[in-house]
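The following pair of complexes shares a single chain, chain A, combined with chain B in the former and chain C in the latter.
Our next item is the complex of A and B:
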């Protein structure tokens, strides 16, 4: 294999991994801090992607305006979902099933509005490639990777260096004691849920920019994203970035060396080994 | 008494008069389904029924592992897929009658192989198990896709010779489906009411306690996994013939596993009939609304049903019926056991022979050490427990008393040392084995199985502990033991309806029902009021009955002095004193451990 081909594969692995991290960040936060394993997160991502397609693509609204509008909208959706989950006292395990039910409904609604056919948002704002030597850098991928990694670091910084991060960890350890020290647990949980929703919106925006959309594809990233979230450690954005890049690059190299159809073996074998040999990690 | 909580009791269905109803109905249904083609129903009817059978078999088989034990598998598609590809690869050369058992065997073997690794890891429960099974499915699918098992383009099942029973081979597929579905229901029902089922439900409620009571949890989970995946394999083997074209993306798509879960949760995953009810509901809904928008509407209804069932019907549709029935049944058993003049039975002493006057050692610990992350919880502890004595085990908080109990009951494995029970080293033995040898314990904070009735809680101990009784005998034994501890009138209640005092006595009843020769009581008096303590002390005396060996861990020194024959004292993981209670309490080392060293002494 030529060096260029290998380089280009690694590059595409880095971009794929960045998207896993972007989609996984919200999952990771809600799993760790809300104890909600949110399968509906993937439906949120796709709903945002379809809204991007609809407004930026079909109706010609400026894509950045669309992105700015999606973020608060999905923040609210995230808060709403969490409010319901808290209201009905859904435990960690039931959350998988309840949010799966939500995802089924969302998938059906998306199909109802946009049909089951593939649609593609042709954007002009982030078009073309940058060339560096023999390597090509697609602009849209670069922007996405920059924002994904930036967001992961930002979330990490907030969790580590602010009062908010401490309050969240305290509330997770013991809500009663945290509350007696003035931690507004309930509102913090809603804030995390809203942020996870907003992150889903950003992820969805880039899914629309980079990929062809179909309602049946909602769960196509489920496996890799789960693997990245768990490998990286719940609620650990830096670990998530590392795991996502590891998975993305190892997939890309597997594809380049063998065949694309072998790609899933690497990340899932990693995940299985992690779970069996090192279960304390998660 | 909250009736809504009582939905999980499975005793009513066990009433002798009703025992034959479900098997008779299953047999009748099978006869009807087998005879049906003779009346020439429209072809679509047969294929609808086939679909129904297929989903019933898959959902029912899923719940035998996942519903009964609470280990939710997201990988049921893998076992079904193994069945599919068995037929797809072998049906050209072998008769279909060979394919079915081979498919069952291969799928069961895969299940056992996975379980043999996964079930050893204590943390892999709940959502981590779900995730692991999901990942395994994807890896398996990738391997099949890239090897000659499939090779990529999918497999056509051309030229599969099916025996023609009625007029065409489509009916043969229908009949095979009926057989698999009815067979899986029969197996699920048998499992639910068998000893295996009791063990599985106990695992679902509290696996660690189940193990300590003597349930061989590892073996039972493997067995359930084998049955569950074997049935899925057969269902897949038949399905391959039905669809006649097998692809990896269809076979291993996540939707199979998710649909199966959805059906079981809606119908009730903890009952043999629940998944079938859910499967019927979902399949009929999908079949009624097949085209365009109405199909979408059906999907929305299914999604909402899943959410509502999870939120409001934790036991599924089946739970709804059982609640009704229990509402009628509830008042009766309240009186029944108590109506007998509850004789204060002297518990049988089981394996314990008449007390030797010289009290031979029955359990001996030699150099027991155990460290947790650098903290030496037990440091080369040597001790012996003598037959028929009440041995007090005392020491300040954090001195290692509970750890020692946990080691003796097999809950923890010591890093070093031997634990000789009648000469057999049980230091590394699994907890259920130790329980079956007649060592029983209570938990400091009572840990009853929350979804079992009080009676069923005690029955588990009688069935799986040293007594290892059959179900019928264990019920009688459990009634006796509840009468002994004064809980006879609460036999049909759920543990959540008892107060702390009663829950502690429930723990005692469990220990007694197991016919243990060594009973370890871990702070049974903690949290009780003074009058409750007095009655608890009397109870411990009666449990001892002059012959049973008791290890009594307690902080309450009045009780210790009053009850015990001999005392051992732990401090910071070391054994610091041993002997007669009064003498030990005056031992300077013991005084120091409890009160600290006086300044004057330096």
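Our next item is the complex of A and C:
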């Protein structure tokens, strides 16, 4: 195996891992701070991806305008979903069933609007690649990875260095005491839900830019992103980045040096190892 | 072309089949002005209307709806209206098995017709065998597994597609004078394409091609970057991909990111629209049973089918509205089943089976006979290629789209 093949494969793994982190970030925040295992997050991602295809691809709207419009829209959708979850007192475990049901409904809705057939957003805005020696860096992947890693670090910084982060942690530890210190728990929960929705929109935008879409693909990301979220630690953006890159690069190296069919085994092997060797992490 | 029987696929035989088909349709509707009456003949089946195979399931649903609608307008079957009892198998073979049990034992349909995709057809076949029901199906990919004597394929891909398909692709490339010297075989582990890829290795070996790469990947793989890096490094003259659905496009997109384009490339069962419409698909080869192209659409029935499918697919919102293998094989399955009923004036499974084995069937694909192993007759598949942004048939020569021939680099 040549150094170029190894290097290019590792790059591919970094880009794949970055997308896992981008999609997983909202889910990780929901799970930690809202106690909602939000499988509908994947439906949000794909709904945003289809809207990107529809407006940027079919109707010719500037893709960056579409991305900017999706963020507040999905913030509101996230808030609405959380308001319903609070209204009906859905607990952490029930949330799996409820949000899975929502994802199924979303899949049917997407199929109704855009058909079950494949659709592709032919993106020209982030086309081509950059060369560094023998390695090639696709522009779209590079932009996605930059935004994904930037968002993860930004969320980490907000959680650790701002009043908001402290208030969220306080509310998680003891909502009554936090409230007595003026922490608006309910509004903060809605803010987290909205942020998770907005992150899903950004993830969906890049899924549309990088992949051909079909409604049934909603669940194809579930396993690997779930593994990354658990490996990284709930509500821990830096851990999520590390876990996602570990999974992405491990998968890529596996594909480069052995049969690619072994690659899907990687994230779950890592997850099982974590559960066996470090159970308190999960 | 050795070992392949293309006799039935010549222009003349296509026309004969077309006239035969027209006569058969006439037989279905002896008094076309008459409305069918009496209790409906109920034909039960399932399709992948949801789940990972729903993209193709949607094509089969459009075809079935069209066929039944047109059949009823022309007087139905045996003077009775036809009702298609369709259930969603969710792309799951286990669900398919349960639903066919229900169709036969609870819904008590008169006849059954196959679902979509090899695994689901195999499930339905087991149920049909248990109840001695005739099963006509459309796109079953592994003929060796179709051992039930009352099953009939509407997709005439021959008994050994794992040999015929790669051999025909290599024949087409060799005809350009630029035949490949090396091959990279990359395949999904989806059963009906993996075994064709394995066959391609054998065919390539027997013809003295150097195997530069052989890779298997899981169905559902999202990241093709590392696979693309290996294909680029192998740099074979010919990339043979055991691809189903979108996998071919995914690999081509990953290769483009590495500034690499395969010189010659073949995909077993690609989704036709994205491959033809993508600039990366230029020169891509595949196989086909039917295209809306001369001479395959030369007979009036095929042309009428293509037109109505175009309209129905557009109405259903499908991005690619041209009928090809899936639509053609689906239509031919309906033709086989209803043609046998009309000819025998019977709904008895044994009577229908015996008649089909003896007579075969005239379909839009051509005359399909069931006189080979596992009821698979001659291989009527053709090789097609993306040229100037559209699929055209390029092999064998006598069935090629006029004005087109194989292109190789």
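In the analysis below, the second predicted complex is superposed on the first by the 282 of 282 C-alpha atoms of A that agree within 3 Å, B and C clash if a C-alpha of one lies under 4 Å from a C-alpha of the other, contacts with A are read in each partner's own complex, and residues count from 1 in each chain.
FYI, a residue touches a chain if its C-beta (ideal position, glycine included) is under 8 Å from a C-beta of that chain, and two chains touch if they have at least 3 such contacts.
As the structure is a prediction and not an experimental result, all values here were calculated from the model.
Student: Do chain B and chain C fit side by side on chain A in the superposed arrangement, or is it a clash?
Tutor: The answer is clash.
Student: Of the partners chain B and chain C, which touch A:111 in the superposed model: first, second, both, neither?
Tutor: A:111: touches chain B and chain C.
Student: A:2 contacts which: chain B (first), chain C (second), both, neither?
Tutor: second
Student: Have a look at where A:62 lands relative to chain B and chain C in the superposition and call it first, second, both or neither.
Tutor: In the superposition, A:62 contacts neither chain B nor chain C.
Student: Give one of first, second, both or neither to describe whether A:37 is in contact with chain B, with chain C, with both, or with none.
Tutor: first
Student: Could you tell me if A:162 is touching chain B, chain C, both of them or neither one (first, second, both, neither)?
Tutor: neither
Student: On the A-aligned overlay, A:260 touches which partner chain: chain B = first, chain C = second, or both, or neither?
Tutor: Second partner only, chain C.
Student: Would you check which partner chain A:101 touches, where first means chain B only, second means chain C only, and both and neither mean what they say?
Tutor: In the superposed model, A:101 contacts chain B only, not chain C.
Student: With the two complexes superposed on chain A, say which partner A:227 touches: chain B (first), chain C (second), both, or neither.
Tutor: first
Student: Determine, for the stretches 27-35, 45-53 or 99-107 of chain C, which one clashes with chain B when the structures are superposed.
Tutor: Of the candidate stretches of chain C, chain B runs into 99-107.
Student: Following superposition on chain A, which residues of chain A contact chain B and also contact chain C?
Tutor: Residues 107-108, 111, 259, 261, 263-264, which sit in both footprints.
Student: Hey, which residues of chain A end up touching chain C in the complex?
Tutor: Those residues of chain A that touch chain C are 2, 4-5, 8-9, 11-13, 15-16, 107-108, 111, 114-120, 129, 136, 138, 141, 211-212, 214-216, 220-221, 248, 251-253, 255-256, 259-261, 263-264.
Student: Under the touch definition given earlier, write down the residues of chain A that touch chain B in their complex.
Tutor: So the residues of chain A in touch with chain B come to 37, 88, 90, 92-94, 96-98, 100-105, 107-109, 111-112, 219, 222-223, 226-227, 230, 259, 261-265, 268-269, 271-272, 275-276, 279-280, 282.
Student: Can you check the complex and tell me which residues of chain C touch chain A?
Tutor: Going through chain C, the ones touching chain A are 49-52, 54-55, 57-58, 91, 189, 215-218, 220-223, 225-230, 233, 245-246, 249-250, 254, 257-259, 271, 273-274, 277-278, 316-320.
Student: Chain A touches which residues of chain B in the complex?
Tutor: Interface residues on the chain B side: 72, 117-118, 121-124, 126-128, 130-132, 134-136, 138-139, 141-143, 145-146, 152, 254, 258, 261-262, 265, 293, 296-297, 299-300, 302-307, 310-311.
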